[in-house]
Structures are given as C-alpha cells and as structure tokens.
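Lettered A, B and C in written order, each chain numbered from 1.
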Amino acid sequence: MSAAFQGITRPAHIAVATAAALAVGGLAAGGIGSDMLLSLLTQATIFAIFAVGVGVLLRQNGMVSFGHAAFYGLAGYVAGILIREMGWSGEGAVLAALGGVALFAFVLGFVVVRVPGIAFGMLTIAIGQSFYQGATTSRSLTGGADGLHIDWPQTLFGVSLDTLFQPHVMFMVCWTALVLCVAGLALLLSTNFGAVTEAVRDNEERARFIGIRTLLPRVLVFTLSAFVTAVAGTLSALNTGFVSPESLHWSVSGSALMMVIVGGYRRLWGPALGAMLFFLARDFLGDFAEHWLAIFGAALIFVIVFAPDGFSGALVGLWRRMRGGGKSRGAAAVQAN
Amino acid sequence: MTFINLFNGLVYGSLLIVMSSGLALIYGLRRVVNFAHGALYMLGAYIGFTIAQHTGFWVALVAAPAVMALVGVLLDRYGFRLLQDRNPLTVVLVTFGLLLIIEDFVQTVWGKSNLSMATPALLAHSVTVAGHELPVYRIAVLFFGIAVAVALSLWLRYSRVGLFVRAASTDPVTTSMQGVNTDRLSAMVVGLGTALAGLAGVVAAPFLSLSPAMSSDVLIDSFVVVVVGGLGSLPGAFAAAILLGLLQSMGAVYLPSLAAILPFLFMIAILLWRPSGLAGNRT
Amino acid sequence: MSTPQALEVEDVAVYYGGVKAVDGVTFTVASGEIRGLIGPNGAGKSTVIDAITGRRKPTRGRVRLQGEDVTGLGVIERRQRGLARSFQRTSIFAEMTVGAQVELAARKVGATDWKANAHEVLRQLDLLELHGWMADELGYGQQRRLDLALALVGRPSLLLLDEPMAGLSSQESEQLAEHLQQLTSSWNVGVLLVEHDMDVVFGISDSVTVFELGQVIASGDPAEVRAHPRVRQAYLGSAA
C-alpha cells in the first residue's frame, strides 16, 4: 500500500476505526437534541457520501468527474419512478436504484474511462447535462422541472417510516451508510486490487508492461464510485421524499469536487471531511455566510496551490508530528540512521 | 413565428461566437478549460452596466472589455503562468473556484435581482424584414458576431502575432525556442479571450437581462460549441455556435426534449471519437 | 539448434508513413547472453524494441520468444511469456512505494513465490532499504534501478534494456553493469542491451549488433565489431 495514500490499511485497524466512527455517530444521534442540527448533519452526511464517491474516482483513477450528480439524481429518480409508476415496494426500489445505477455505470465505464485528461471531465459534463435536460423535459415521467415526489411505502426493510423519519434515526442511518462505504472502500483498496488501480493510475503504459490489463480495473473503480454516489442519492430521496432535476446539475458535481479537494482526496475519508466543512461553513459563518461559496472557492484555490493534501492531509500531518513521526517511513528511516 | 425563432437563434448563435472564441483562444494557448469564462462574461456585462449608467452604452462597449482584458492579463500572469507546470486538471479546478468568487462578487456589488440595461438610442427601434418586425439592436448583434468571427480569423491568419498564436498553440516549446516571448503572448491572448467574454456580456445585456444566473448556462453552451466545433478550429466553433443557437430556439418550440439533449449528445460523440482534440499532448 | 533462443528476430521491418524505420533485420539472443545493440540516433533501435515488445506491429517479419512465434501477440501476452523491458525515460509508479510496486509486478507476472522473488530482486539491485520509500522520493539513479527491478521480477527469459545507463554517473554505470552481469549469469536471462555508452556495451556484451538506417551493418564478437570499418565510419571517430 503506497505511503502517500497511506491510511489505515490493515483489516483489523479498519474494523476498529469503523466501530469508533459508528460509536461517535451514535453519540451524536443520541446526544444532540436539536432536530434542526440533526437534520443539517444528515444532509451533510449524505453529501459526504456523495463526495466520497467522487473522491475515490479521483484517488484511484486520477479522474475528475463533473458529472457524478447524474448518478446521484438518477438513483433518486429510479426509486421514485419505480414506486410511483410500477408500484414497487420501497425495498425493491432502493435495491433497483443502487443496482441499476451501478450496472449503468459499469457499462458506461467501458466507454468513458478510455477518454483521457480534461476530455473526460468535459464528457462527464455532457453526460450529466443530458440527464439534467432529459429530466427537465420529460414532465410525464419525471415531473419535469417541478421534480418528483416520492411516496415511500409505510415500511422499509422492516422499519416503519415514522421511526425512520425521526431526525436522530435518519441521521444514524445515513452516518452508518457513510462509515460502511468508507470502510468497505478501505478494505477493498487494501487488497491487490488497490495496488493494481494505483499502478494503472500512475503509469498506464508501464502497468501494461508488467502484465496488467488496464481497462477493467479502471471500470471497476468507476463503477464503485458511481455506486457510492447512488447510495447518497437514494438516501437523499428517502430523507426529503423528493428528487428534482437540480440534483443532476453539473454545479452539484462541481460542489462535490470542491469538497473532495478541500477535504483532501488522498484519504478516503478526506472528501467526507470536506463535505462537513462545506455544510458547516454555510451555516456557521454568521455575517459572512452569504459569501460561503466564494469563501469555499477561495479555500479550493488555496488548497490546490499550497496544500494539495487538503484538510485531511493537514490533520494527518499534525497527528504524525504529535506522535514524533513526520515524513514518510522511508525518509524517517534515513533520519534514524 | 418560425422566422422570429430562426432570427433569435441566429442572434444567440452570434453571441456565442464571441463568447466561445475567447474560450477557444485561452484553451489553445494555455490548454486550460476556463470554467470561469461564463462568470467573466457576467462580470463584463455588469461592469458595462455600471459604466453605461454614467457614460452611455458605447463607452461601456469599449471600456468594459478593456477592464476584462486587464483581468485576463492578471489571471494569466498570476494564475495560469504560475500553475503551468501542474496537472492541467488542477488549473481547471482553480478556474472553477474563481467562478464562485466572481459570482459572489457580482452578487455582492450589484445585488441578486435582475437588472436591465437600456438599448442604445441609436439602435432602439425596429425594422420590418420579410413581414416581421425585428429589433434593430438584435440585427446589430447578429452582424457584430459575424464581424468578430471574420476579424479574428483574419487576424490569426495574416498578422504576425496571429502566426505566433497559432504556432504557440500547436507547439509552445519550439515556438519559445524560436525567440517568441510566449509568456507575453499568453498574457495577450488570455487578455483577449477574457475581453471577448466581457464584450459578449455587454452586447448581450440590452436584450438578455442581467442576472446572477447568467453565467452558468452560457458557460455550458460555450463548452458545447468549443468541443463540437473542434478545438483547433475557430471556424468550426463559429459554425457550431450558429447551429447551437438555431437548435435551441427552433428546438424549444418544435422538439423541446430532443433539442435540449441533442447538443450534449453531439458533444459526447465528439469526445468519444476524438478526445485527443481536447486532451492533446503538449510536446 | 537444440535449445530455442531466448529471442529470435527474423527479417523484421517496420515501415510507416513512407519511413523505413527498420528495414529487415535479423538477429538472435541466446539465454544467458548479453547482446549489445548500438547505432546512431534514428538508426531504428527504439523502433525494433517496440516491435519486439509488441508495442508496434511490424510490417513484416517474425519475432520468437523461446521458439514461440509471438508476432501477433500484444504487450501483456508477451510479458506473460517472459519478455520484460526497462525504459530509456524512467517509467515507474510515482505514488507507490518501492516495495509495493515491485511486489505488484512480481505478483502480476505470476511468479510462484512472488514475495520472495520481489525481495530477491530488490536485494540484487540495492533497493531493499528503500522498500518503504515513495518512488518519487528516490534519487535519479535509484529510480533507474527501480525501473530495472520492475522488469527483472519473475525471472524473465528475455530482458530488453533501453539505455539503462542514461544519466548515471560512471560509478553508478559500473555498478549497474556489474549487477546485470551477475543477474544474467545466475538467472540465465537473455539480454538485449541498447546503449550509447560504448565502454559499457563493449565491456559487458557477449556479442554486439550494429544498426544504421534501419539495417544491421555488423554483428558478432565485440572486438571484431569494434574494428569493423563500416562501424567506425558510422560513428565518425567516436569510441574507436
């Protein structure tokens, strides 16, 4: 496992971190009294999942997508349309949304991951906007620009909707989803698959010269990132009971990318941190709150130019320095000599 | 009804010509997809609005793009030039951050409500063409776009600087080795590109109102035009601009769903077939 | 021929766009043999390497690895059949550690005990203590060795080295040359060594082939080739 992207890589460590994160979430869910705060945190968590999805594509494939909102919104629309038009159960709709988007991404991936550089970014804009326009103009199917109300059935996976919609329950559900997504990705990427995708990302030609077939790993990463994004989209549709073309717009993808960069894409949880910062900034900046997007834009530029590892990188660096480490293992070993 | 739609489509297409040529020039020289281009268009429009309030439209038409040119030079000098050795994706994201800053700046200074700019008196009437009454201003915009297209093409083709620009867009390393000061050239071209965006903004202001939302849609349209038109090719962009304008206005009436998606389908097709046009490797 | 050669290049030609980059060349590399390949710039050396590795399809001719015709196979298939190459412009995985990438390469080539194999290669190339270092933190010479390590894992039967000494100091070149000789003899690898450094080539090669304008102009024992009139002419007084 490469050191710059070093994080917690041993399954045992991942399990411990997961348990700790879930515990923190539980405390928050139980301890926070304000419904409004819980609701805000829920939104932030959902977006954190979205950002993690966008982030893993950047981290493992080195690809910047301005179109991931398509997967986000599509999940919501698939669930909503299946429930409304075809009378599907909530469970079926959720599984179909997740599975359908993942399958779509898998097929699409074979076509789009071959496109290099900024062309890929433009391609994702075009795809995202196609869906946006499609949703806006198909009134009969999607409700058009007004959006789609989703009448979730009374129980979902055995839990009654009344229970589910309580703020602390909804928060915990979303938080658990976030933690499991990050943990799942961490586990997956600590295997050989992780090393293969990193090699392909760093040097595709050399990867082939050492015997790696480079298309499939990238498609799989693309699919994973779409799946995680779809999780966020489904949760959002559940949380608000509503999905609109706005959730397919490229600016939403752009916001997610900002969270990824500011949070730091080298850590799987970095984008989640970025999302939290994004939502906190919006609601706690007080007098400057109106300018939060500009402030975030400035933060984005600052991070890109001066601190490419983002906030998560800064935190990790701080942690290491406190423990007496600092540089990568290699350099530290030299220092020790 | 159709004639009016056709006309409006041509007018918007003409505007897109001015917009997208700026985007294409910046990409050609700096390999940067300038996400802030729409915001610069908007900024130019608002600055023009304010200048026009004091000195009238015609001064604004010259002054606002001049201001935007300065902005462009600064952007190139302190943005693109300093980041030129980094991954191009990085610079693109920086322009995205810039987009947000500029949009916020405009909202802070000019407020969130729509503003309208008066059509200059000289062009504020209508004429009858083929049985329809058309605003003279829009006719002027139509011809203006064509004039810009022609002027740029001639400039690139026949002037010395134009030659350098074409050379540097193709092979920056060799061009600088030939003694062309590529840094100064870049500043000039980026300045020209942003000036064109601002110019488009001022020109658009009298017939499309000024609003904080104006940057996003025109940006995407510019992207479509530049990609579909083919990056090396300004004439391609010009043609694509007109086609997109026509498609949008005609399509909105006759085939709304298809017309909205079709440009993106073309964009997807081009990017799948010739991605190297956009991701071209610099030597 | 009782045992097949590690590499057989038979009348390979590569033409594109009116250019005859390689114009019908034939040579072999036996297992355990180091064959130097020299020639002026533009002589076709890189192109023939591309044809041998599968990166480029030859206009005509055959390429055989251990007797098997691989002319129609791609890069990955040839790698699986024991062909490996290093790169003139260092080609490594910048954001992976030395250990991680060499182990990945060993795993991918299907070495049975890949961890031990990776360890062995790193040890042979003095990279073991750099195991945890990020590749982009290494010095130039260390990166060149890493580039080589990625090719050496899995005990290739044929190793193509494209200017491995490029940019190295004379001391580093000497060390690398020693490593190569040790490895080739202990592993019985066939080596095709493309190099500009004449001292190195004539120092460690068992045989030398000289290219000019896409054709072989001399081939055989290093001392004989060195003295060959056309070779001296082609190099215009350099390295006599």
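Rule of thumb we're sticking to: a contact is a pair of C-beta atoms (placed from the backbone, for glycine too) under 8 Å apart; a residue touches a chain by one contact, two chains touch by 3 or more.
Since we're looking at a predicted model, the values are computed, not measured.
*Asks:* Central chain, going by Cα centroids?
*Replies:* The chain sitting closest to the overall C-alpha centre is A.
*Asks:* Quick one: which chain's Cα centre is the longest way from chain B's?
*Replies:* Following the centroid criterion, the farthest chain would be C.
*Asks:* Just the chain pair, please, that has the highest number of C-beta contacts.
*Replies:* A-B
*Asks:* When the centre of a chain is set as the mean of its C-alpha atoms, what distance in Å lies between chain B and chain C?
*Replies:* About 51 Å separates the centre of chain B from that of chain C.
*Asks:* How many angstrom lie between the centres of chain A and chain C, each centre taken as the mean Cα position?
*Replies:* 44
*Asks:* Between chain A and chain B, what's the gap in Å when you average each chain's C-alpha atoms?
*Replies:* 33
*Asks:* State the interface residues of chain B toward chain A in the complex, per the touch definition above.
*Replies:* 33, 82-83, 88-90, 92-94, 96-101, 103-105, 108, 216, 220, 223-224, 227, 256-257, 260-261, 264-265, 267-268, 271-272, 275-279
*Asks:* Give every residue of chain A touching chain C within the complex, in rising order.
*Replies:* So the residues of chain A touching chain C come out as 1-5, 192, 195-196, 198-199, 201-203, 205-213, 328-331, 333.
*Asks:* Under the definition above, what is the set of chain C residues touching chain A in their complex?
*Replies:* Going through chain C, the ones touching chain A are 53, 75-76, 79-80, 84-85, 87, 91-98, 100-101, 103-105, 107-110, 129-134, 137, 150-151, 153.
*Asks:* Please name which positions on chain A make contact with chain B in the complex.
*Replies:* Listed in rising order, the residues of chain A that touch chain B are 64, 111-112, 114-123, 125-127, 129-130, 133-134, 136-138, 250-251, 254, 257-258, 261, 290-291, 293-294, 296-301, 304-305.
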